[in-house]
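After this come two complexes, each holding chain A, first together with chain B and then together with chain C.
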Partner chain A sequence: MSEAVMQVFRGNREGGSPVEFRVPITPGMVVLDALHHIQGHQAPDLAVRWNCKAGKCGSCSAEVNGRPRLTCKTRMDALPTDQPITVNPMKTFPVIKDLVTDVSWNYEVNKKIPAFKPKAGTDWKMYQEDIDRVQEFRKCIECFLCQDVCHVLRDHDKKEFAGPRFMVRTAALEMHPLDSADRIPLVKKELGIGYCNITKCCTEVCPEEIHITDNAIIPLKERVVDEFYDPIAKLVRKITGAK
Partner chain B sequence: MAELQIVGQQGFGATKRRDSWWIEILPVFIVLNSFGAYATFRAFEGKFYEWGPYLSPFYSPLIDAGHTWWKFSPALLILAGPLGFRATCYYYRKAYYRAFFLDPPACAVNDRGGHNYKGETSFPFILQNLHRYFFYLALIFLAFLWYDAVLSFRWDGHFGIGLGSLIMTVNVILLSLYSFSCHSWRHLIGGKLDCFSCSKSTQVRHGGWKAVSALNEKHMLFAWLSLFSVGLTDLYIRLVSCGAITDIKIL
Partner chain C sequence: MSDRFETHEHDVLIIGAGGAGLRAAIEALAHGAKVGVVCKSLLGKAHTVMAEGGIAAAMANVDSADGWIPHFRDTMRGGKMLNNWRMAQLHAQESIDRVKELEQWGALFDRTSDGNILQRAFGGHTFKRLCHVGDRTGLEMIRTLQDRGVEMGVDVYMECTITKLLKDGDRIAGAFGYWREQGRFVQFKAKSVIICTGGIGKSWKITSNSWECTGDGMALAYDAGAELLDMEFVQFHPTGMVWPPGVQGILVTEAVRGEGGLLTNKLGERFMQKYDPKKMELSTRDVVARSIYTEVKEGRGSEHGGAFLDISHKPAEYVKQKLPSMYHQFKELADVDITKQPMEVGPTCHYMMGGIRVEAETAQTTVPGLFAAGEAAAGLHGANRLGGNSLSDLVVFGRRAGLAAAEHAKKVSAPNIDASEIERAEREMLAPFDQSAGESPYAVHRDLQDMMQSLVGIFRVEDDLKTALAELDKLKERATKVRVEGSRMFNPGWHLARDLQCMLTVSEAVTRSALARKESRGAHSRIDYPGLDEQWGKQNNITKREGETMMLKQVARPPLPDDLKKILDE
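Up next is the complex of A and B:
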């Protein structure tokens, strides 16, 4: 049976370092299996957040060989074993212990976004063509890998920017055919969409393959342009009385 | 936000990635620099831009070729339009923010960091919000380029086909695909609507939005193909015009 050398971060808020473990590779094994093997045989106090092991709960996010990934969806046989496989916590968030990070900032951001507000006298009938866009966004499992890889949060520590996850949530609400709230001023100011320079890393890491940049962020940027930067659109709205 | 720096992840360019991440940005850097250098040379050259029924896309529409009021190269009068469209394009922004500004150089590779980052919230990058105006301008340029392409089949009043005619036609088709796969156009044609089924006009716009969305998925491909085609079309016409090669007359 072949063996992999795993370099797993061990530590807490004060500091830490990679610790090496040897793990036997079995067919179909994923990185989370390897971490469980370490927990079961070598380091029972290794902290790993996980739940479904099926790529749907969004709990086991970490950085495998430097790439933000769900450890339950990263197969060991897809990784080169000639060097140690590194597993680090998400860099953008403060470490609590080992691979577990404090992602509570995201929940604070979420509170800024006004909830779904149906139009008065709503007829609760929707057509599929109207809801297709929103359904893509509803696939989000809140793994926060997009938040982790976003350089605005990761390298610049810009808390003025809500991050890709919350652009997706806002887009889902803004594009909803039965919603009546206008969140575009919020998107520009409190959620700081202007900080995004659309380098698409969020799209690259999304395990649900949501087209975050093309389908959520850029359409929201264009709606911000409609309201704030396009004088002709403003004039047309004024003349026609449109929203 | 992160209070702990993992060993080996501090500093510009630092990463735990194992792959050759710089391979993604190197071709972008080389191609955009090469195109920029060639286009600048051609824009200032001010000659060898037409031959027979052919007109270089760098010089179309041709304004004041006789230098009655503009003594410099006519290309300089029009260059800002196509340049502005590409410079504010959502795809090229990704490409050059990564390859030239290294902000970030690649995903999960440290950029320079620091809290002074402004993104597209302040001058000059706040001007990216004007992309749709450059799209409108691009449509005018496209109309001229289609006109030029049609004229390239007209040889002394008769229909004819030269290799240049085909090159100019392919070029304008690629430029049209690039322009009509634009993110701003996708928004304007229907993306801004919340309800596609609400009226006859929104249903029509939904059809348009779906078509543009399908094109939009290939926007990056069209961006590169059209960049190459513009450069090569100009190069072909230049070489024919200066006598370095002879145009092949097909019909």
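Up next is the complex of A and C:
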């Protein structure tokens, strides 16, 4: 049985460093399996978040060989074996311990977004073609990998920008065929959409393959432009009642 | 009341933030209660998120002949008549409104061509009944409930584990636990407590359940003197992944069969013909799980010890649209393209039909002020749960529990917390740090899982169950001596040392109940008692704590009223 060398970050808010572990490789093994093996046999206090181990809950996010990934969906046999596999916590968020980071900021941002507000007197008829786009957004498992990779949050620490995840959530609400609230001023101001310069890094790391930039952020940017910088379009919308 | 710890006060404290816990919170908030929700993980990560196939509700959007009566009948028949009939009735009647409500809170279910909620076929359901969002229905549900709860201003205590329920005399007074992050202790004072902690799958080696499913709520309630009901009924889902080893047990949704997937053995035979020629692949889960198990055991299994499940006869685009997460799961984890190749599947420990005994209308347990809903509670599903009836269970009885708990809180005075109970809870939690020579909790957990898998699995027999009880005694002894390394700060080894206690309690309850029930019914299959027994069909197993001893007794199943009896006779 072959062995992998893992370099796993160990530390806390004060600091830390990579620690090396050797783990036997089994067929189909994923990085999370390796972390569990370390917990079970070498370091029982290694802090790792995980839940479903099936790519459905978005808990086990980390940076494997420098790339933001779900560790439960990262196959060991897809990584080069001639060098150690590095596993680090998400850089954008403060470390609590080892691979566990403080993601509470995301939950605070989320509270700023007004919930779904149905149109008055609707008969709740909706057609599949009208909800396909929104269902794409609702696939989001809140792994926060898009937040982690976003350079506005990661490198510039501009927490005035809500980040890709909350652009996706807002887009889902704005494009819900029966929603009646207007979140475009919020998108412009409190959520800071102007900070995004559409480098599409978020789209690249999304494990749910949501087209974050093309389908959520750019259309929201267009709505901001329409609402704030195009008075004629705004007038037309007011008259026709379109959102 | 001890002031050494951080203290929070609520009218209603809810333990668990899955579908049942969040629905309970929403209802209690709507009735003016001050509500707190405690959960072991981050909000939105509870096991509900993994539910795939759909939520059962007789909306009759696709099959117009459906209604609560056929849904009630299917649920009772699927549960081999051991269900609490009143729960089954309320569930069938109320699930329709609960689904509509989810839509009104922003959930987007797949649609019919005329703009209504689409419904799909599922095992044991006479009509197309499961409202769904591809194969990620649970995610849609939890996100909808989470958003609703946040909008209403619910207080959520994330990554916090409850280790003890506190009592004031006979009644509930609150709960004690620790913050996973820093390891600090915390106490909650509450007039009502609702347990929504889900299942117990982590006691078995092959399971679809997450690390959270360690039977906490059932063990907490049992310790607090509540009764557990029908603990022998553990559902093994017929289709978990079997290869590669790392993914063993991960769920393959029943929606694959609902959408037309076929089960075959290595000879290419559609073996369900032998076991249930009428319903075939859409037979109930207990039957399909036993059939696959039998095929493998008799040498007709696949290369890695499973059966083949094939959906590749459907158009590739259709498969990707209706089963997107299955497509990705197999492609990424098993190098299998399900639009072209069959999947290899086998039984995986999935769901607990048994659990905390509750009153049907109010979800109240036998302890005043203590309520339970969702998988942690028992009664609705009887001896076997139908697919899709779990998500509906969560919202129907989550709502009822939230309502009853809020009403209860209005009627009672503030409870007192007994400082000596807190001190004992604290001592118990810190004990593993004082062990210098004990073994790792992970080692004890592995042995528990291996033992339950081999001795208290799909097929059971008296000798195995007796051996299991003896093994449990040894494991309990070992668990009292486990050693924890490191500090209290986010220490999974320490967390497991505590969860292990809960798993041992529920494992013992399952084993004792399984040993007592000398018949085969639904998910409980005894090799030594292969048939249904008339007397056992009339009674439920109750597990209760007497001092330090686990006591088992049988109570008569409540008699069916004539109108419902007539429905079932049709």
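As a working rule, the second predicted complex is superposed on the first by the 231 of 243 C-alpha atoms of A that agree within 3 Å, B and C clash if a C-alpha of one lies under 4 Å from a C-alpha of the other, contacts with A are read in each partner's own complex, and residues count from 1 in each chain.
Note that in this section a residue touches a chain if its C-beta (ideal position, glycine included) is under 8 Å from a C-beta of that chain, and two chains touch if they have at least 3 such contacts.
Since the structure is predicted, the reported quantities are computational estimates derived from the model, not experimental observations.
Of the two partner chains placed by superposition, only chain C is touched by A:C57; chain B is not. In the superposition on chain A, contact of A:D33 is made with chain C only, not with chain B. Legend: residue contacts after superposition of the two complexes on their common chain; A:Y127 is shown touching both chain B and chain C.
Using the contact criterion defined above for the overlaid structures, shared-chain residue A:A115 touches chain C, although it does not reach chain B.
By the touch criterion stated above, A:P80 is placed in contact with chain B alone, chain C being left untouched. In the superposed model, A:Y107 lies in contact with chain C only, and not with chain B.
In the superposition on chain A, A:H176 makes contact with both chain B and chain C. With both structures placed on the common chain, the touch criterion links A:V152 to chain B but leaves chain C unconnected. When both complexes are aligned on chain A by C-alpha atoms, chain A residues 127, 176, 179 touch chain B in the first and chain C in the second.
In the complex of the two chains, the chain A residues touching chain C come out as 12, 26-30, 33, 39-41, 43-59, 73, 75, 96-98, 100, 103, 107, 110-111, 115-116, 118, 124-128, 131, 134-135, 138-139, 141-142, 173, 176, 179.
Across the complex, chain C meets chain A through its residues 41-47, 49-50, 100, 103-106, 108, 110-111, 113-116, 133-134, 136, 138-140, 143, 147-148, 150-151, 158, 181, 210-212, 243-247, 250-251, 324-325, 328-329, 332-334, 440-443, 446, 484-487, 489-494, 496. On chain A, the positions that touch chain B within their shared complex are 9, 11, 13-18, 63, 65-68, 80, 83, 86, 88-89, 91-95, 105, 127, 129-130, 149, 151-159, 161, 174-177, 179, 192, 194-201, 204-205, 213-214, 218-219, 221-226, 228-230.
Within the complex, the chain B residues that touch chain A are 1-4, 6-7, 9, 15-18, 90, 93-94, 97-98, 103-104, 107-108, 110-115, 117-121, 125-126, 129-132, 183-184, 186-188, 191-192, 194-198, 206, 216-217.
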